[in-house]
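A, B, C, D, E, F, G and H are the chain letters, set down in written order, and residue numbers restart from 1 in every chain.
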């Protein structure tokens, strides 16, 4: 049995890969992707129902037992994020919330300060709060005090597939903060997710790359494997880089001496 | 059943991860690593027996059915490489040979020209020849003509763990050459192996990183997973990078409009 | 006459390279470095006088006419930063202050939130305030409102010489904020300073790399040239990267057709 | 007087920046660019005259005293390169030749082996031979023996502006080979040229980036400055990177202790 | 009478209950959450909640998101 | 009497002026800034500023910094 | 008679000299190099070099290149 | 008599067979390959191969390598 499990807010999860559910071309792909990658936590958003036509019910495509993590996308302030979180809770699917407060339509960068405020309020109300932030040591310290269950620093811009452009600053959080660090946003290839885990991240969340791939379930599974591989790499004591060569075959016993 | 198998010289292999057997602290770790990662091809070297003391028999630690790929390490010329290959064949463990001709004790870079010559001779003698080279389009074309079974370009210096520093030039080989491209040398972390596979490499060979890790079998398995993940990433149609953000949650139906 | 001058708070400066004065092995090197690079703004710090022995007077080594930018190093809160700034002003060498609030002895990362607070207070008192921050769009917007004269995002950890590890996020500031963006911290080679300028930064500040070089004045000048080169690169319309080759010699008129 | 001059084949040059003359939108830009950057060596190509219309005479736009380095572009073999070189010499503008043998219309990669052959022949005939190659230690050693006057390794694909993608392998040449190493191809920004010089390159050659810039003379000058800055960086003893922060202001004498 | 539903003006009969409104716009009321004048109304209170002229109703639901 | 100077306890004569204190510790008073009990004292006021027992004085100056 | 000039068939009068051919196609003969049947002909030999039917002439010049 | 074995001079009895030599230096002859004066000698020929003074023998085996 795998004893190295992701633990958030006292709950254990058998997978360190979290999947977002947006942008899938069809809901069949979504369901197949969740099953293929074995994600135990998936994100969803909250929106007004469409008054003109019947919406599909996203929840039907999420397997039983998977934890719903509702994001507060659309919120531009802590107050709006709080309101969305409360609505989500009222829907009766748990109290896990990913705080996402954005006032930047070009890069979709999170507003760290508003995110801290929302975390304080919602943690006090008993939510399990996972704030999405730009990686910043001081903000992370405040999130710990505010009662966050994890910290979710961005790797690069949401949906950009640019990978780990905040490498050094995520590593600071991993080294300095006691909460699980879940890399979110910008992770566009399994190798990038793998690298995040090798740094010591607790988990990785991906949405866009999987949703828009030619074969979403196949890529979802690939991400999940890469996350496992990266975790094992971290735990197994990866060796450091060296600026020169070093033979892997013996340097004695040559025939031509 | 997995139909996407590595195929070299008409033979199929259930793993795209090749393991080198040098530098392990103990042979138990070696055996456990081969089993953990499921490698179907492992490299070995040929050396003079030690006249003073009894050597361990490396072959005892390599599971039945695994293909032995003997390297020609120690060779400084095509002639020496050919001589080593013939000795290896005489030992009765098959005719797979990794050509390695090195005249550079600092960076351990391969001599492409001598490698081509050795490939010509040994292919003509019926060997299955996998030449280790600096990634160069013209050399790769000549290796195709010389009858090589695959091309093994280096990622970076042997044993350096620096990763894929020849990215663009390996990609050229993958795109332009019909032989399997197996990235060898310098791959020091699962994420790096994963990236090589995402580029379209047919396989990855690792030795030093695994052998000197704190937990070699764990890391061997991690590499193997990462290679699978990267392969699936390649096959599933990874999306491109974008310089800006793009929302993963819907951009309509916001509550605060 | 060069009309493309750095302008901060309505003042123009003939150089876009700012030099820090800490850590020089001797003050002669410092003076020679300032002269060699032509910096028109240099940073200094404020410390308790040494009660046991006579300190050297740093100001003697700074040429007439160079603007002193006093940092608030040592401050752990906005209140402390404000106190240091007021002391510096009382010393009668102008009212330019670089806000530096740090509560992290390992990475020396700035506390963005406290920095915003100090900026508000000191701008209101008439200081010309240049805040040193982790690059964050929302913080930069707040600094604009707070009356900052420029924004000084870090390239990487102070004194690390790691270069532009925050590339994408500095570029966001350059594109989205109207204030001059001066890249500070971590710039350890002229090529890195040059790259910052090519992105569109208004200026670059370097201290450690110059101070600890074998030949500080020579490297100071090199940084200054690299900054000019990068600025000209930015203004001249650098072409984009392309993933393939494109001949620079004509593709017609070949002899062998 | 600057004593650190580029020296090739016993001749000294006051600039370490070489400019290619292809692809300029107009010849006025070319001339202005050469003057602006102070290049003392420029490359030209040889082509059939246009039978239908009068060609411009490129030589009119190259200032007196600048050394012409004729490339052998169009050559696909050593024999063709030799023929082009001899024609160029017959034109009476010196005997400097840049060997360029390419059989790859997509990436424009040089054929190292044919290049060595052409170098042997032309050096023996008294040409001053600068071969353009993929950076490879063994090829460089053979070029030394063949009588080359310098080695010109590519940074990345011709015209790609991708920069120094062969960093580690160019560094090997710089460290191991006694000839001047001139980085050619793919250098698309002053910061990239600067970095090549910081590694210890003797010079840098750029064409495409300058020719297609919005303002070619301005960018030509920027490259030239960046090359000087990088050279000075190399000579002044650039400090190494460090993975953590290190204060530039004193760590004693704080007010708040 | 007129109310504001999800940001749009809507004419509805007097004395319409929140439950009736929800039923009109979705087949799956169980996945909808309702806010009346910025306060959440739990599902068991929908039938006894009678809408007043000028009130603001938000009906929201889960959708895919990252 | 005892005061605190730059964080250290110091015994000084009664009725010492700030100007006298500064003179004792530096040859270049013009580059020193003085704080008395957290308030800046401008240079022209140093001679008429008489230190009291238990007061806290900070004397600071510019040094190299980044 | 027909010759091949820069890869193209050309009809020229019998007994045309290389010098005459060059003059026909460029105003700046000094910057042209001529090859006749793969051998370079130096400029001073152009006038006395009479072209023969079926010969191959290359006239080349410097152009911008990288 | 003296031979060269794996690069070292060795004194061995006259008329020693290659098989005997191999047996002296390893417990696992099946994993050894033998070269006599640069020519490979297959295992079945070892017993009938009698070493001559001054000959050069290489005995090699597989080891770990990358």
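We adopt the following convention: a residue touches a chain if its C-beta (ideal position, glycine included) is under 8 Å from a C-beta of that chain, and two chains touch if they have at least 3 such contacts.
From a predicted model like this one, the values you see are computed outputs, not experimental measurements.
*Asks:* Can you give me the shortest step count from chain E to chain F, moving only between touching chains?
*Replies:* Step count on the best path from chain E to chain F: 3.
*Asks:* By mean C-alpha position, what chain is farthest away from chain G?
*Replies:* Most remote chain from chain G, centroid-wise, comes out as F.
*Asks:* In terms of CA centroid distance, which chain is the most far removed from chain E?
*Replies:* In terms of C-alpha centroids, the chain at the greatest distance from chain E is H.
*Asks:* For the interfaces D-F and B-H, which has the higher count of C-beta pairs in contact?
*Replies:* If we tally the C-beta pairs in contact for D-F and B-H, the bigger total goes to B-H.
*Asks:* Distance-wise, how many Å sit between the C-alpha centres of chain A and chain E, to the nearest whole number?
*Replies:* Result: the chain centres lie 33 Å from each other.
*Asks:* Centroid from C-alpha atoms only, then distance chain C to chain E, rounded to Å. What do you get?
*Replies:* Taking the average C-alpha coordinate of chain C and of chain E, the gap between them is 55 Å.
*Asks:* If you average the CA atoms of chain F and of chain H, how far apart do the two points sit, in angstrom?
*Replies:* Distance between chain centres, rounded to whole Å: 90 Å.
*Asks:* Please list all residues of chain E that touch 2 or more other chains.
*Replies:* 7, 58, 60, 63-66
*Asks:* Going through chain B residue by residue, note those that touch at least 2 other chains and give them in order.
*Replies:* 20, 22-23, 45-49, 71, 73, 83, 87, 104, 106-107, 109, 157-159, 162, 207-208, 247-250, 253, 255
*Asks:* All pairs of touching chains?
*Replies:* A-B, A-C, A-E, A-H, B-D, B-E, B-H, C-D, C-F, C-G, D-F, D-G
*Asks:* Can you name the residues of chain A that touch chain B in the complex?
*Replies:* That would be residues 20, 22-23, 45-50, 71, 73-76, 80, 83-84, 87, 100, 104, 106-109, 157-163, 188-192, 194-195, 198, 207-209, 211-216, 218-219, 221-226, 228-233, 235-250, 252-256 of chain A.
*Asks:* Mind pulling up the chain B residues that touch chain H in the complex?
*Replies:* Residues of chain B touching chain H: 20-24, 30, 43-49, 51, 54-55, 57-59, 68, 70-71, 73, 83, 86-88, 90-91, 93, 158-159, 205, 207-208.
*Asks:* In the complex of these two chains, what residues of chain B are touching chain E?
*Replies:* 247-250, 253, 255, 257
*Asks:* Provide the residue numbers of chain F that touch chain C in the complex, in ascending order.
*Replies:* Those residues of chain F that touch chain C are 5-8, 25-28, 31-33, 35, 38, 40, 42, 58-66.
*Asks:* Would you pull the chain B residues touching chain D in the complex into a rising list?
*Replies:* Residue positions touching the partner: 103-104, 106-107, 109, 111-113, 134, 136-139, 156-157, 162, 165-169, 172, 176.
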